[in-house]
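Report on the structure given below.
Note that the chains are named A, B, C and D in the order they appear, and that numbering of residues resets to 1 at the start of each chain.
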Amino acid sequence: MPQNDVVQPQVRVRCRFFARYAEVLGTATHELQVPRGTTVGSAVQALRERLPGGQALPKVPLAAVNLEHVDLGHVLVDGDELALLPPLAGG
Amino acid sequence: MPQNDVVQPQVRVRCRFFARYAEVLGTATHELQVPRGTTVGSAVQALRERLPGGQALPKVPLAAVNLEHVDLGHVLVDGDELALLPPLAGG
Amino acid sequence: MPFVTHAPIDVPALLAEVARRDRGGTVVFLGSVRRSEDDGPVEAIEYTAYEEMAEAEFGKIVAEAEVRWPDAGFAVRHRLGEVLTGEPSIAVAAAAAHRAAAFDAARWVVEEAKRRLPIWKRERFDDGSRQWRDGSGVAGASDTA
Amino acid sequence: MPFVTHAPIDVPALLAEVARRDRGGTVVFLGSVRRSEDDGPVEAIEYTAYEEMAEAEFGKIVAEAEVRWPDAGFAVRHRLGEVLTGEPSIAVAAAAAHRAAAFDAARWVVEEAKRRLPIWKRERFDDGSRQWRDGSGVAGASDTA
């Protein structure tokens, strides 16, 4: 967690949205900047606040980072690809 | 069971042998005459005694009558088809 | 189609037999003649049957399966005659509304077929020798699948 | 072959991928788009995916299955795009020395795929209307199979 007044190092995260989420947001991608140490859960909160229609995203969605399922405590690093996944319905 | 000296009613049973049994007996069929009331088990005993190579049949083989699996207590009637089945090995 | 046949097994035909729009799950089992270190150099298996009974018994197994899984569909075959290593000798297809029933039903039919069909096999080896193969055989109780 | 594909599912190709002479049991599962009274007049389902992840995740599932069943072979597909009622959208083939492993392995892969693949579906009805279909959807939690 950032602790003082020096410029916080930011990480850039490429966000991707699929299926119903892409539809409600009107976009399939978003470039997000968040402080270093941000978790997936906090990034979701930021997306819900910053994106038009973001409130339609659930607070606790399924998520993947760099093509792997992760839980919301996963910490993001610069260059990550964060995907928010509607309930899976393959098969 | 026949009980006295009057001529015993006989039943005719068409016997069929398969796979290894047909090979050891050298035949795939035999017409068997046995007293009315004879069970499959007794018919097997008769076949073991009467047929060349009959001792090679097991005393308790798998058997079918008229295309249905039966146990050795099943009573034969005239015209039945009795099949002796080596251990099944389909599939 | 007869259940017991000398023709090679046609998987797409089996799938077509069980297809119905309300059946979302389909399971096909194929049991093939196998060759492994344990079994020696098997080149083919010759299947013989008490054909009338095998046909009747396979029909009974399917009828019983249709009682257990009322909306499911089944297609079954057992091949007779010589079947080369790698080729299927038995096929069971089951289709049901959902996958759990399709898996359970297919497996049930396969187990019943193995247990009940009056069918026997004789192995043919690379050197041309032949040997009956059953539960009591010298070759042991190993099975195609 | 990619695991996730827009091409129709080719069952004989899957069988060929898993065939090996020491594998006597093969199980194929097909999950098809179904139409039933409960679900309304579904004409087709359009599948979309997070394609790179679906491909990677299906590969992981297969790799994990190969650890659990070391001598088994696996071939898997998930179709994307529009799939008409009655056509398969997912296929899993597993071949093993014996039938028990083939059944267990195929079923395990199917369950993992259903649980883990980032794939979504939107139903298209006879009247042309469309609707996302997932566990949270109005249409309920019903599934293709």
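Definition applied: a residue touches a chain if its C-beta (ideal position, glycine included) is under 8 Å from a C-beta of that chain, and two chains touch if they have at least 3 such contacts.
Predicted model, so just to flag it, every value in this text is computed and none were measured.
Chains that touch both subunit A and subunit C are the following: D. Upon removal of subunit C from consideration, the remaining chains are partitioned by touching into the following groups: A, D | B. Distance between chain centres (mean CA atoms), subunit B to subunit D: 51 Å.
In whole angstrom, the spacing between the mean C-alpha positions of subunit A and subunit B is 77. The distance from the centre of subunit B to the centre of subunit C, each centre being the mean of the chain's C-alpha atoms, comes to 28 Å. Chain centres here are Cα means. That of subunit C falls 24 Å from that of subunit D.
The set of subunit A residues that touch two or more partner chains is empty. Shown for subunit C are the residues in touch with two or more other chains, namely 31, 110, 143-145. According to the touch criterion at the top of this document, the contacting chain pairs are A-D, B-C, C-D.
Subunit B contributes residues 16, 18-20, 23, 64, 67-69, 83, 85-91 to its touches with subunit C in the complex. Per the touch definition, subunit C reaches subunit B in the complex via residues 31, 47-50, 52-54, 56-57, 78, 89-90, 110, 113-122, 132-136, 143-145.
Partner subunit D is touched in their complex by these residues of subunit C: 11-12, 15, 19, 21-36, 85-86, 88, 97-99, 102-103, 106-107, 110, 143-145.
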